Structure formats: structure tokens, C-alpha cells
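Encoded as C-alpha cells, here's the structure I'll be asking about.
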Amino acid sequence: MVGISLGEQHFIKGGIAQDLRTDGRKRLTYRPIYVETGVIAHANGSARVKIGGTDVIASVKAEIGRPSSLQPDKGKVAVFIDCSPTAEPTFGGRGGEELSSELALALQRCLLGGKSGAGAGINLSSLLIKEGKVCWDLYIDGLVISSDGNLLDALGAAIKAALTNTAIPKVNVSAEMADDEQPEIDISDEEYLQFDTSSVPVIVTLTKVGTHYIVDATAEEESQMSSAVSISVNRVGHICGLTKRGGSGLDPSVILDMISVAKHVTETLMNKLDSDISAAEAREEES
Amino acid sequence: MAAKPGAATPTYSPKLVGRSRLPIFKDSDLDWTRPDGRGFHQCRPALLQTGAVSSASGSAYAEFGNTKVIVSVFGPRESKKAMTYSDVGRLNCNVSYTTFASSTLGQGTDHKEYSSMLHQALEGVIIMETFPKTTVDVFALVLESGGSDLSVLISCASLALADAGIMMYDLITAVSVSCIGKSLMIDPVTEEEGCEDGSFMMTCMPSRYEITQLTITGEWTTPNINEAMQLCLDACSKLGEIMRDCLKQSTSASDE
Amino acid sequence: MEYVNPEGLRLDGRRFNEMRQIVAEIGVVSKADGSAVFEMGNTKVIAAVYGPREIQNKSLQKNNDHALVLCEYSMAHFSTGDRRRQKNDRRSTELSLVIRQTMEACILTELMPHSQIDIFLQVLQADGGTRSACINAATLALADAGIPMRDLAVSCSAGYLNSTPLLDLNYVEDSAGGADVTVGVLPKLDKVTLLQMDAKLPMETFETVFALATEGCKAIAERIREVLEENTKQLEYRRAA
Amino acid sequence: MGLPDSSQDLTSEMEVDAFRRIFPLRFFERHLSESLRPDARPLDKARDTIVNLGLVSTADGSALAKIGSTTMLAAIRMEVMTPSTESPDEGCIAVEFHMPPICSPIVRPGRPAEAAPVISKRLSDTILSSGMIDLKELCLVSGKAAWMGYLDIYCLDADGALFDAALLSAVAAFSNLQIPVVALNDNGRIVAISDEKEQDNASIIEEEAVNKEKRKLTLKNIPFSLTCILHKNYILADPTTEEESIMDTLVTVVLDSSDQMVSFYKSGGEALAYSSSIKSCVELARKRAKELKEILGEMDVD
């Protein structure tokens, strides 16, 4: 990434202080969001989300697996993120791994809820086929193609769209079998199950630059941040996950204020995303 | 692992029969007490000690109930050869578990997730400008995992950094809160963490009254967050005092 | 298995000398100096070019009179039917090298001494012919970045199954075990820069397959030229506006 | 501390320190000529030794051993395995020695110390060849099930004589080991029985119980070791890291409780071991074994 001169730094910071950012946005406005679903033919569900210059793809792949012995009544979900070197030359080789695992961890935290499953965006019980024996393993893969800030929000939105797009084949389990046998399964290729994605939260990252915070920061703005808080909020307005990045400390009252701002922002974002996703789904069906 | 004779033969640890795990807490059961008999807002007794490892620049041992960790700090010392010049110092963190740290997991491994979270929690308080071109290594070993491992690790690491004489803006204290049903309980043990509906981990600088790291998982309402934050802040300031006392004691002991 | 039915149609309904649908777009990665996406049927590749810029890793600097061309090929986890997790496997390394050598031969590296050009290739979907798709995508991206080239390097593959030479194999045809000839050409100079084949093939058959692949290359070159011209027109239009 | 003749050329402690770093060998040799070591020990004396038992609640047996500042934490976990066909009525012990990055500045994450696998191997050889444990005691159901003891020793602080401390902690952990109460269930798997459960349906369990009560292993021929440095005519018992790095001829003698030699280990080094010096090493080891036996004996009383 090219360094930013002192003058440019002042310009960015000054703009934010005056509620007029370098690209003409206000502090709490998003860049245009573009959603496309069904972009990956091999996957059970996929979506591509562009927010300004940030471009990400999420795919959902379902495989037959075995529930873990600790939670025999639930399926499994794993989130992997890959930062392609096309987005940033420094991601070449193993350079992107650190950021990738940080993003994956934050997304996992936001989507999968607490250990007991409360607040999870994906209902793990719905992935179960036969208790203790067979379940769906859901692999969520994110790929960052182009990065211009706000990767986490974009990935969160892409995963939400990909999950909406996901169709999982209906599975019939052959009736009674012995206790320790693996049951025979029959994967239907006609009937599909759709996911209920209404409880999947959206993620809003508030980036603190100077004394103000902004949503949807560009890479240039992110380089000037002192810290950033990513908050995921579900439809009923509950917080489903929160991660803080950046080392500098924040006053407790500031964090609480950020949470309330984030909640306010998500309301509009959630509606916008939902309509975008359903529009994209309609488009896909047409074509 | 190669040295293990018979490592090829699969082994298993005998499990208890027929006892499904009882939910340790029910919503209706308000008289319920925690597995170790503490109150909901009561922390485990903490034992802190600096100078646990003689060969390190600084080190600390922390014991919160059954959670026992050792943190060693090495450096500031020469950065790896491959690193380019940097006018601020670097911080390198690593967390690993012993093979017997927890009763369920069999293998002792590096914990990448905790390593990066420890790094994030510490980078903001260390005055990196004081050791340009060099690296401070913070290595942690969890001897026994008994819940709230990460917060114990962070507090212990800050103590070890202070013991090593690394310049910091403030001490770092970390406290976790679990949400089970409608109740919040501070400093959860492993059993509680296993069935929690939400977790809340906060690290703060007690003297500056600033939060440096905050992670929340699970579903939380705003009043719950307010309450958890207040609980953590109180606990952090108390823990800060204990840590301060521990450091004072160790310096007065070495003066004698 | 029958790959060509008696009517002369392939599994996906194409004729023997028919290519899959090509979609190409320029400028998909906002921050790169040049970028392009290239699709051949279900095979989809993104290329991004960074540079020419200062050499980042001084130890790679060998020849001061020429630009250093670097290439990295990676596959997305969801690019194939079964999820694969290794990043720097042997196949990727081999492909990176092949693409790098092909592109190096067509870039006028002597015009940009003391600098490096990075080509990153990301496979989004793999359905046969990724090698060719990568080269085509890289050419577009290099052109978008305005890097001087001798010619537009293009590539296409052809195979031989059921005693029929077939153009542009998809994954099923590719894994059938027959011959697979990948050809890279500089169409204007009429020079072959890349030729790879892995299977036994009689000489005369090879010549027909090779000729078919070369024909394919020419068709692709035409398409690429169109895309570039269209892009230039749009740039002109935007400038006027 | 100070050198006997320090008043002449070295005036302040600062200079002693500098001398120690620049001319380590001369620094040590001056001490040795006075039959004293920099930490005020006589040449043949080992450092203070402490053993604590049962510190790890998640393990079936554990011990912490400290020799000077060298600290070792050993823990044993018992798991069930199917014994091999060659020895159907024997259990197995797997020994692993770890040097985590916290213990020494030379160990970095991802690059394990060279010494660790070497010590692992030597510990495993010593424990098995000493005959301290009768592997037959680890048998549960002949040919079907036997105990596999995973012994993991973690070095928490490395300051010389790693093998001695590791062996001591391993022996102490075995003396602390409590073999859990288990039973054989219908599926042929071994299951644990908790104390209260046993009372609930004692009648059912009684006949199946393979191991009715928590029991200890009988340890005989307990091995004790002492590492010495041979340097010129001097023999230094129980060296620190600093001493080990300066003078590199190390001799480790392992004796069992009946004073029989279990193993002898000398690795390279410049000084050649004469039979006379070997004899003195063995003599020192014998004395040390007696000391260690007393320390362990005290533990057993608790």
C-alpha cells in the first residue's frame, strides 16, 4: 500500500471532522452496495458483494459429516477466509494468512453465537440429519478479490447473501439400523431445503478516526484509524458479537455510544441488504 | 510425537457411563450456586507471582482457581534476520497448552487464536518506541485450563512485561463474564463456559480507565452489556490493585 | 465412455471445434494497476497486475537491464467440486512458473529496468483449461495496466478423445485421460510461446490437434482484441464526458 | 560475591560482571582453584532440591521438581489401549519431554529445541530399562485392555541439569499416580466409575469392575541421576546452564535405589574421562541418590 502524505492525512481527518469525507459521503453513509447471488456453479450457495472498491465472494458448500460427540444433536459450520493476492500484493505467499484468520475468527464469533448456540445466525440443529450419526457440515468460504477497506462488513453481507442463496438437498435416512452402524442415506436431487436467514446478523464496523467514528471506511481512512469496533446485530436489535481492533484504548462510555450508533445504522442496512439480496435472487432465477 | 513407543495404537480415556451432562443451570432454579460455590459476581481467588522463570527477562505465574499459566518475556532482543528496519519495536506473542491442560482435549498445541488475541490486547499498552529495531517476545504456557484462560493469560502477561521492565502506559487487566440464561457470572470456570449463552471478555487499563480489547459472542441486549461492562470494570480495577501489590512486593523483596 | 455421440456432439452439446462461451471484463480490481476477469464456460479466472514498481525483495534482483516478472497462481477453496486446502502445492508452483515464462516472453522487459511486475491469478471456478484461461486473463490485465508487450499472448487447449480432436476441453473431458495439448501463441508474430502435452499421440494426429488449438488461439485473440478496443472506446467516451 | 584477589585488578562489581562475560572460562577457573563456584557452592554439591506432588488436577499423577532454578512439571494421564499381541498382558508407558518457549531464551515457537527429543529418548530408555515399573501391573483384561500411561514432562525453567530434574519429576509423578477405578461394559470398552455412582448401583458394577479401587503402582529400583561436568581435574556436580555452556564435558550417571548402575552417559566434550574421574562421578551420584531418596521419602509420608 502506498504511503499517505501528511497533507492527505490532514485532509482525510479534517473531512471526517466536518462530516464530509473525501469521497463526498457523510460519516454514517455507506458506499453503493452491489449484491449478486449464485456466482459459483459448484457451490450449494454463493454470493458476490461489492462495496465501493471492496469486492468479496462467499460460497457455502454442504458435505455429509458426523456430529461431534459433544454435540450429537447439531451440525457443524466452519468459516474460512482467504485473502487473494489480487487484492493486495502483500497477501502473496503466506502474507495474507494473518488477516485471513483474524477475519475468519471475527466472522465465526458473529455468526455462530455463544457455546450453547444462543444468538447463532445459523440454526445448527437444522443441519442435523440423524442424531449422533449424520449431519451436514457447512463450509463457508470467503474470498477477498479486491480490498478497499471494510472487509469484515462486506464478508458478513456476502455470507448472509450466500446463505440465503443456499439450497441443501433433502436427505432421507433409511429406517432402523443397529446402534453402531452408519445409516444409509439417500440424497435427493429434486427436493431442496432453503435456509431461514432472517436471524443472520449484519455486521457494522465503526472506525474511529480522531474523535469521530465512521461506517464503511475506505483503506485510506482505515490507515488513519486509532481503533475500530465491529458489531453484529440481528433483526431484533440484539448484539450477537463484537470485536475490537486497533490497540488504542477507548473510554467505556464511548464503546456504549458506538453500540447504540451501530444498532441504529444496522436497521437501515439490514433492510437495504434484504431487498438487495431478494432482488439478486430474483435476477438469478430469471437468467 | 515420534518418540512415543506404541503411538500407533489408538487409545481412549475411560468416560463416565450413562451420565448425560446435566444442564448446570436452569432458568427457574434461582437458588442455584456455581460449581465452585462462588456468588455470581465473585471472582476466583487469584495468586500472582513474578519471577517464575529465572532465564527470562521477566516472568509471572498466575493461578485463578484451577487455571494456571506461566508467561515469560524475553528481550528486547534482536529481531529475526528477515525483518526489515523498523523505528518502533515489535511484539511477538505465542500461547501454547500442555498436553494435560484440560481433561477433554488430549493434545498440547500452539493456540494461534489466543496468540493473536494476546498480541492485540498488549500492543496498545506497550510503548513500542522505547525499543526500536528489536523484538519483545511474550511466550505463555497454560499449565492447566480451568476457564477464563485468555483473560488470565492477558493479566499475567502484563505482569510479566512489568517484571521485565518493558515500558507500558499502564497495567493491563482482563476479566471475562459469562451469560447463562438471565444471569451474568464473572470469571467463569470451564463447565460454565461450556454451556454459556454468551461470553464477554474485556481488557482494560485500570488507571487510565480505558478499554483496550473487547470481544462479545452470543446474543446480548444493551442493558446486559451495560451490566457486564460495569462488572468487568469493577473487577478490573480490583485486579489491577492486586497486580500492583504483587509488583511492589517483588521489588521490595529484591531490594533487601 | 462416449465423449462424442454419433451426431458429433460432445457431452455439453458442443461440436468438436466449438469453444465454450467466453466472457471477459477489464478493471475488476479497483486498486490494481491492471486487472481482468476471463471466463470460458464454467472456468473463471481473475488476474491482477501490480507494477512496474520498485523491486520489493532485493534478493530477487538479478538482472538490472530487465524488469522482473513475478507470478502467483492460487485457487479458491470453492473453485473445484471438492474443497482443497493446500495453497502452495506443486501444481500451483508449476502453473505459476509456466504462466510467468509465457508472459515474460511477451512483455518488453528491457524497457523497464530496475522494476518488478507482479501478476496474481486467482481461480474462482475450475472446469478444465485453467492454464489457458490464466494466460488470457493475464494478457488482458497486462494490457489494462498499460505494460508494453510484443503482442497479445493467448492460449487455448485441444484434446483427442474417441478418435476425434476436440477444442477447449472441459473438466470431464480433461480428466478422461486422453491427450491434452495446451498451446500459447503470439498471434500477430505467429509464434508459439507455449506448448504442453501429456499423453501419447501419433505425429499426424498431434498435428491436427495442434492446428485445432492454434485456430482456437486465433479466435480468442480476436475476442480479446475486441474487449480491449471496447474498453478503450469507453475510456475515450468517459474522457469526452 | 567477589573474587578472592579481586581487590587488585577488579575494583567494582560492575567490572566483575564484565570479566565474567568476556572471559567466562578464566572467571570460572579462578573460582575452581579456590574450590568454590560462583553461586557459592562447593564443587561436589548439588543445588537445593524441592519436590511437590499432585499439582495438576486434570492428570492422574503429577509432580513438580525444582533443582536450583531448573523447574520441571511432570504429569501422567492414563488411557486405555488394546495391548499388542506379543505382550498381551502388559501396559505401556509413553514418555515425552517438552521444552516450551517460556523455559529458555534459546527456544522459539515453531522451532523446538534440539535437546528436547534427545532428553525424551534418554528418559524413556532410563525409565523402562530401570525396571521401576512392572508393565504387567498396567494390565486390565489380558489381551483386551491395558493402561497406556502418557507421561509428559514440561520444562518450565531451564537452568542446567535438565535430565536430572526431568527424571526426578517423572519418578515423583509415578509415586503420585493413582490408577482410576474402571469397569468393563457390555461393548467391551472400559468405562470410568465415579465414586457416588458406585454406591448407587454397586451390585451391577461389582462383578464388572476390573479395577475396584484407586491404587498406586509399586515402584522398585527407583532411578536417580546426577550430571557432572568434567573440566581439567575438577568435577562439578549439578551444573547450571552457564557452567554447561562454558565447560562442555558432561557425564550423567543414573543409579537405582539399590545402588546399581542403570545408565551412564557421556557426550563428547574435550576432557577425556579417566576411570578415576568416572569412579568419583559414580561416588557423587551415590551420595546424591541417597539425598534424593530422602527427599522423595518425605513426600511419601504426606
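As written, the chains take the letters A, B, C and D, and residue 1 is the first residue of each chain.
Just so we're on the same page, contacts are C-beta pairs under 8 Å (C-beta built on N, C-alpha and C of every residue); 3 or more make two chains touch, one makes a residue touch a chain.
Nothing here was measured: the structure is a model prediction, and the numbers come from that model.
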item	value
Chain labels contacting subunit B and also subunit D	none
Longest centre-to-centre distance from subunit D, chain (CA-based)	C
By count of C-beta pairs in contact, the leading pair of chains	B-D
Distance between the centres, which are taken as Cα means, of subunit D and subunit C, whole angstrom	61
Cα-centroid distance, subunit A relative to subunit D, in whole angstrom	50
Separation of mean Cα positions, subunit B and subunit A [Å, integer]	27
Whole-Å separation of chain centres (CA-atom averages), subunit A against subunit C	32
Overall pattern in which the protein chains touch one another (line/ring/star/complete/other)	line
Complete list of chain pairs which touch one another	A-B, A-C, B-D
Subunit A contact footprint on subunit C (complex, rising order)	28-32, 35, 42, 46-48, 50, 56, 72, 74, 76-81, 83, 87-88, 118, 120-122, 124-125, 127
Subunit B to subunit A touching residues, read off their complex	112-113, 116, 120, 123-125, 179-180, 193-199, 204-205, 208-222, 225-226, 229, 233
List of subunit D residues in touch with subunit B within their complex	56-59, 62, 69, 71, 73, 75, 77-82, 84, 92, 94-96, 98, 100-105, 108-110, 117, 120-121, 124, 148, 150, 152, 154, 156-159, 180, 182-183, 185, 189-194, 197, 241
Complex contact set, residues of subunit A against subunit C	39-43, 46, 52-53, 55, 57, 59, 61, 63, 80, 82, 84-89, 92-94, 139, 141, 143, 145-148, 219
Residues of subunit B touching subunit D in the complex	1-7, 9-17, 19, 52-56, 59, 66, 70-72, 74, 77, 94, 96, 98-103, 108, 110, 137, 139-141, 143-145
